[in-house]
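In what follows, structures are represented as C-alpha cells.
Two complexes follow with subunit A in common, the first pairing it with subunit B and the second with subunit C.
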Partner chain A sequence: MMTPAPPVFASVANVIAVFVLLAEFGMLRAAMLRAQIRLYAFQSLLLSVLAAVAAYERHVPELYALAVLSFALKVVIVPTVVQRLLRNTNTEIAGSGALGVASETLLALGVTAFGFFSVGALHIQSRILPSAALSLSVAVVLVSFVLMIVRRDVVSQAIGFFSLENGVSLASLVVASSLPLILEVAFLFDLLVAVVVFGVLMRVHHGRSRSLSTTQLTKLRG
Partner chain B sequence: MVLAGPAIQVCQVGTVLVAGPGVSGFIARVEARMQGRRGPRVLQPYYDLAKLFRKESLAPDGASWVFLVAPFVAFACYLTIPLLIPVLTTFGLPLGYMGDILGGGFLLALASFAIALAAAETGSPYAQLGSSRSKTFGAITEPVVLFVVFTVALITGTDLPYALAATVRSGAGQLVRPAHVLAAAALLMVILYETGRIPVETHTGTNEFGMIEEARAFEHSGPYFAMIRWGSSMKQMILFVILINVFVAPWGLASTGSPTAVGLAILAFLAKAAGIGIIIAIIDDSFAKLRLFKISEFVAAAFLLAVLGVFTLYLGGG
Partner chain C sequence: MTPILILLISLPFAAALACLVLPVRASQALTVVVGVGCFGLCVALIPTVGHRDVSALKYLRADALSVVFLLATAFLYAVTAMYTIGYLRSEEDAADFPRYSRRLYVGLNLFAWSMLCAPLVNGLALLWVAVEVTTVVSALLVVIDDTDRAAEAAWKYVLIASAGLGLALLGTIFMYYAGAQVIGQSYDLAFAPLLQAAPHLPHTAVRLAFILAVLGFGTKVGFFPVHTWLPDAHSEAPTPVSAMLSGSLLAVSFYAVLRFYQIAVATVGPRFPQTVLLVFGVASLCLAALYLLDQADVKRMLAYSSIEHMGILAIGVSFGVPVASVGVLLHVLAHAAAKGNAFMGAGVFVQKFRTKELGGMRSGLSVLPWSAPAFLLAVLALTAMPPFGIFRSEFYIVAGGLSGGHNASAVILVVLVTLAFLGLAWNATRMVYAPGPVTTERGEPSAWMVVPPVIGLVALLVLGVHPPAHLLDLLNRGAAELAGRL
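Up next is the complex of A and B:
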C-alpha cells in the first residue's frame, strides 16, 4: 500500500518538529555543557521559525509576535545568561550520566515511540499545524524527562527543564495556537522565573560543593 | 533511433565502471584545493590503477585461494548492482527488476564479506583489525539500511528503486516529507561510513591505527590490489547513484532510449556526482576524525534518524 504525501506546508512543519526532537536527542548525548546550551538555542530558534511559518501560512498575526518574543527570550537571553553562569564556574564537561550514551539513546527512543503512538491514537486534529507535530512535541517532553533523570549535573537538568518548556510550547502551537497572546507571554515569563531559580541553584550549589555535579546531594547535611 | 535495452544497461554499468575512479580523483582534488594545496590530478586514480596492474603481486604465506579470489568476487558484485538501480534511465531495463534495493544491499554486503574474509586469511594484524572493525560497525549500519528500505517500502508500496525515484519526481510534497528527509540523511551518514570518509576515517591512504576500510586490503598487491581499489571507487559510485538518483535528485534521467537522452543522462549524472563530491569534500575538510569508540555513536545517530523516519510514517505525518 502506498502512503500519499501530505501537503507541502504540513511536511515542512513536520520536518521542523522532527528537528526539534533531534535537537533534544543531541542535548541528551552532548558531553560539553556549552554544546548543550547551543543546542537549546538552536531548538528554540527552530520553534520560532515554526511559529513564523505557521503565522504566514495560516494568517495568524499573533504568532509573529510570539515568534519574535520567543526568539528574543529563548535564543538570545536565556542561553547568554546560562553561558555567563557557566563561565563563572570554570566547568566545561558534564560528568558521566547514570547510563552510557548508547543506552540513553535507546531508552529515549523507546520513550519516543511510546509518546508517538499513545498521542497518535488520540486523533487530535488541529487547524494550524498537522497532528503529527503534537506527537512529536510529546516525544520532546518525554525525552527531556529522560535527560533530567539520567544526567547528573545542574546545568543539564536546567537545560532539560528549559527544553521541556520548548516541547510544551510546540504542543501549544498545535492544539492552542489561537490562545490569547497574553497567556503565551505569561508562559514565557514563567520560563524567565525558572531561569532565575536555576541560576540561583547553580550558584549556590557550586558555591557549596565546588562542582556542578548533583551526586553529592544524596547525603543529608545538618 | 532508439538504443536497445541491453545497450543502455551496458552504458549503466560502463558509467559506474569508468567514472568511478575519476569521481574519487575529483573529490581528492577539491579537498586539496580547499586546504590550499594544489592536489593530485583528477585522473590520478587511473594512473595509480595502471601502475598497479603492471606490478607483480605477492600473497602472504599460507593464504589460500580465498585470498586471491576475493577481489574478483567483490568486483563482480559491484558490476552487478548497477543493473538494478536507475543510473541513467527512468524506466526499468532488461534484468533491472531481478532484484530490489534489498537485493542490491545484499550484493554490497557480499562484496564486503568477501574482502573481510580475504583479510582474515592473511594473518596480518592490520588487515584483520580492519575487517573485524568493519564487521562490528557494519552490524549497526546494516539495520540502518534496512530501515531506510522500510521507509521506501512504506512510501511507495514496493521496494524497487525505480518506483521511489518516480514517486520523488511526482511532486515537491514528496521531497520535503519528514520520512524522506530523515531516510536520505541516514543514507548519507551510512555512505560516509561505507566509503571511509572523514568522521569515520581519513581517506588519504596514510597508515594508522584507526583504519577500517583502508586496512582490509593491506596485504593485497599488484593487480589484485588494483581490483580492490577500483571496486571500492565503484562502490562509492553505486552509493552515490542510490543517494542521488533514488533519493535526493532523480532528475535529468533519460525517459526514452534515444542516444542523445542517454548521453545527456550520463553528463547529468556526472555533474550530480561531482556536486555530492563537493559536499563530501566540505565535510572532509570541516570535521575531525572521530575516535574509534565514538564511531558507534555516529552510526547510532544514523540509526536514530532512520527509525524516526519509520515512526513519522506510521503516525500519518510522514
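Up next is the complex of A and C:
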C-alpha cells in the first residue's frame, strides 16, 4: 500500500508546486519579452528541482535523469532558442493584456480555485508526491490557458503553451513518475520540436507585421 | 509482415531526407513512387490484419483499426503526390521556385510520415508524440505560402492545436495512472495490456482521461467548440496540404480518440463514452451544417464539410452498434477519397479563376472540361449521393442508429446532413453551371491535376458499389475491436 508522504518532504514538495503556480501568475503580467522567458526558465527550474528532490526522497533513480534532462532542455535550451529566434525584435510586450492586471489575476484565481478543489475531490493518490501537488498542477494548466487567452502577443501565447506543458509535467511527476524514461525523452524531444516551430512562426509573424502583437490577426473569419 | 511496418515508417522519412538534396523533378518522382508504394504496402496488410494483429520491434503494431486509418492516409499521400506535380506547374517561373518546391516536398513527405506513424505506434504515449509531430509539421506547411493570411492561420493553428494536445497529454498521464493501479509501475502504455486490464481500472481516472483526450485530440479532429483553427488552416494551406489535412490528419486524430474510447468502454461501460461522443458529434455537425449554408470561400466551405464529417464519425461511434461502427470505418476511407478529390478540384478552380471566392467562379464547365465535372461529382459524393462510398457508409451509420434504438439521434443526423447537402450542392452547382463572365481561357492547367481526382472517383465507386471482401473483413474486425469483442 502507499505510504503517506513524510511531513518535511510533503511540505517541501507542496511549496515548490505553489511556486510553480506563482511563476505562472507572474507570466500573466510580465512586461518584457526577456522577463517572460526568464519566468518560464524559473518555473522549469523549480520542476527539475522537484524531480530531483522526489528522486532522492523516494529512491527513484530515473527521476534524477528526468531532472537533468528537463533542466538541460527547459531551463537552458528552450529559453536560449526562443531568445535567439527573437533577438531582432523589439522586446516590449507590455499592455498586451486584453484585461487589466487586476481582472486577469482575479480570473486566474478563480480558475485556480476551480482546478484545485475539483481535482482534490477526485481523491487521486500518489506514491511519490502529496496529492495537493496534483491539484496545483491542474491549476497551473488552467492559468496557462488564461495566459494564452488574455495576452495578445505571440511570445506570451507561446510561453503559455510551454508552461502548460510544465503544468502537465508537474502532474506527471505526481501520478506518472514511473513512466519509462524513454517515453519522457520522447515527450521532451517533442517539446523541443514544438519550440522550434513556435519560434519560426513567431519570426514569420514578426517579419510580416513588424510587431509581436496578435491584435491584427483578424483577417480570417466566418 | 514485420518488414512492411518498418518500411511504412522509414520510406516516407527517407524520402523527406532525399528531397532535401534532390532536384525538383527527382523529388516529384520519388514522392510519387514512395506514396504509391506506401499505399501498396498498406493494401498488402489488409488480408493478414483482417484476421490477426501484426507487430514489430516492440513499439510498432497494426490491428484492423489502425490499418483503416493507414489506408486513408497512404491513399491521400499517393494521390496528392501526383497532384502536386501539376500544382507546382504554375509556380515554375517564380524566382524562389526551387526553394519553395524543396520545402513543400520535404514537408509533404514528413507530414505523411508522421501521419503514418500515428496509427502504427503501439501505445498511447507514442501516439500522442506522433500526433504532436503531425501538428508542428503541418503548421510549417500551412505557412509555406508566406502571406499575411497564411501566417495568421498557422499561428492560430499551432497555438490552438498544441494547447488542445496539452490537454490530451494530461489525459494520457491520467490513463497511465489508471493503468499503473492494475498493471503496476513502469509500463509503456501499450494497447494490448491496457485493454486487458481495462475492466479493473479505477473509473474516475479513466473517465477523466477520456474526457481530456476527447477534448484534446478533438481539437485536432475539429470538434465544436475547439474547431476554430480548422477553416483557417485548411483555406490558407497550399491545396495538396489542405487535402491531406482534411482527409487524413483529422482522421488520424480521430483514431487517437477511438483508442481512448476502446479503453473507456471496457472500463466504465459504453454509456458514458458514447454520450460524450454523441454530444460532440451533434454539436459539430450542427455548426458545420449551418456554416455550410452561407460560405463565400470555396476552401473554407470544404473545411466546414470536414467538421461535418467528423461529427458524423463521432455520432456513428456513439451508436455503439456493429453495423454503425463498420459504417464509421468505411466513412473514414470514403471521406479521405472524397475530400481529397474535392480539395484537388477546388485547387484547380482557384488556380484557373485566381480567386477563392465562390462568387468569382462561374461557368466552370466551359472553362474546365474535366476538373469541373470531377469536382461536382466529388462534392456530390461528399453529400452522400449514391453510388459513391459515403452513401454506403452513412447508410450503415443511420441503419445502425435506428436498429440500436437511437432514433432521435439518427433523425437529427439525417436532417443535418441534408442541410449540409443543400449548402454544398448549391455552391458547387453554381460554380460549375451558373453562367458568368468567362475571364479565362478554356483548358486544364495540367493533366497531373486531372488524373488523381479520377483515381479518387474510382476508389469512391469501388467503396460504394462493391467493396472488396478482404476490406469488409478488415472493417468488421475493426468494428469488433472498437466494441471490445476481440
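The rule is simple: the second predicted complex is superposed on the first by the 211 of 222 C-alpha atoms of A that agree within 3 Å, B and C clash if a C-alpha of one lies under 4 Å from a C-alpha of the other, contacts with A are read in each partner's own complex, and residues count from 1 in each chain.
FYI, a residue touches a chain if its C-beta (ideal position, glycine included) is under 8 Å from a C-beta of that chain, and two chains touch if they have at least 3 such contacts.
All of these numbers come straight from a predicted model, not from anything done at the bench.
**Student:** Put subunit B and subunit C onto subunit A via the superposition and say whether they clash or fit.
**Tutor:** fit
**Student:** Determine, for the superposed model, which of the two partners subunit B and subunit C contacts more residues of subunit A.
**Tutor:** Counting contacted residues of subunit A, the larger count belongs to C.
**Student:** Counting only touches as set out at the top, which of subunit B and subunit C does A:Lys219 meet: first, second, both, neither?
**Tutor:** The answer is second: A:Lys219 touches subunit C but not subunit B.
**Student:** For A:Ser70, select first, second, both or neither according to whether it touches subunit B, subunit C, the two together, or no partner.
**Tutor:** After superposition on chain A, A:Ser70 lies in contact with neither partner.
**Student:** Under the stated touch criterion, which partner chain does A:Phe116 make contact with: subunit B (first), subunit C (second), both, or neither?
**Tutor:** First partner only, subunit B.
**Student:** Looking at the overlay, does A:Leu164 come into contact with subunit B only (first), subunit C only (second), both, or neither?
**Tutor:** Once the two structures are laid over each other on A, A:Leu164 reaches subunit C alone.
**Student:** Does the superposition put A:Val18 against subunit B (first), subunit C (second), both, or neither?
**Tutor:** Only subunit B is touched by A:Val18; subunit C is not.
**Student:** Of the two partner chains, subunit B (first) and subunit C (second), which one does A:Arg29 touch, if any: first, second, both, or neither?
**Tutor:** A:Arg29 sits against subunit B, while subunit C stays out of touch.
**Student:** Working from the superposed arrangement, determine the closest approach of subunit B to subunit C, counting only CA atoms, in whole Å.
**Tutor:** 18
**Student:** Show which residues of subunit A both subunit B and subunit C reach, each in its own complex.
**Tutor:** The overlap between the subunit B and subunit C interfaces on subunit A is empty, containing no residue.
**Student:** Tell me, which parts of subunit A touch subunit C in their complex?
**Tutor:** Against subunit C, the touching part of subunit A is residues 122-124, 127, 138, 141, 144-145, 148, 154, 157-158, 160-161, 164-165, 167-168, 171-172, 175-176, 178-180, 182-183, 186-187, 189-190, 193-194, 197-198, 200-201, 204-205, 208-209, 214, 217, 219-220, 222.
**Student:** For the complex, which residues does subunit B have touching subunit A?
**Tutor:** Of all residues in subunit B, those touching subunit A are 154-157, 167, 171-174, 176-178, 181-182, 296-297, 300, 304-305, 307-308, 311-318.
**Student:** Which part of subunit C faces subunit A closely enough to touch in the complex?
**Tutor:** Residues of subunit C touching subunit A: 125-126, 128-129, 132-133, 135-136, 139-140, 143, 146, 148-149, 151-156, 158-159, 162-163, 166-167, 169-170, 173-174, 176-177, 180, 185-189, 204-205, 208, 231-232, 235-236, 291, 295-297, 300.
**Student:** Okay, in this complex, where on subunit A does subunit B touch?
**Tutor:** Interface residues on the subunit A side: 1-3, 5-8, 10-12, 14-15, 17-18, 21-22, 25, 29, 101-102, 105, 109, 112-113, 116-117, 120, 130-133, 135-136.
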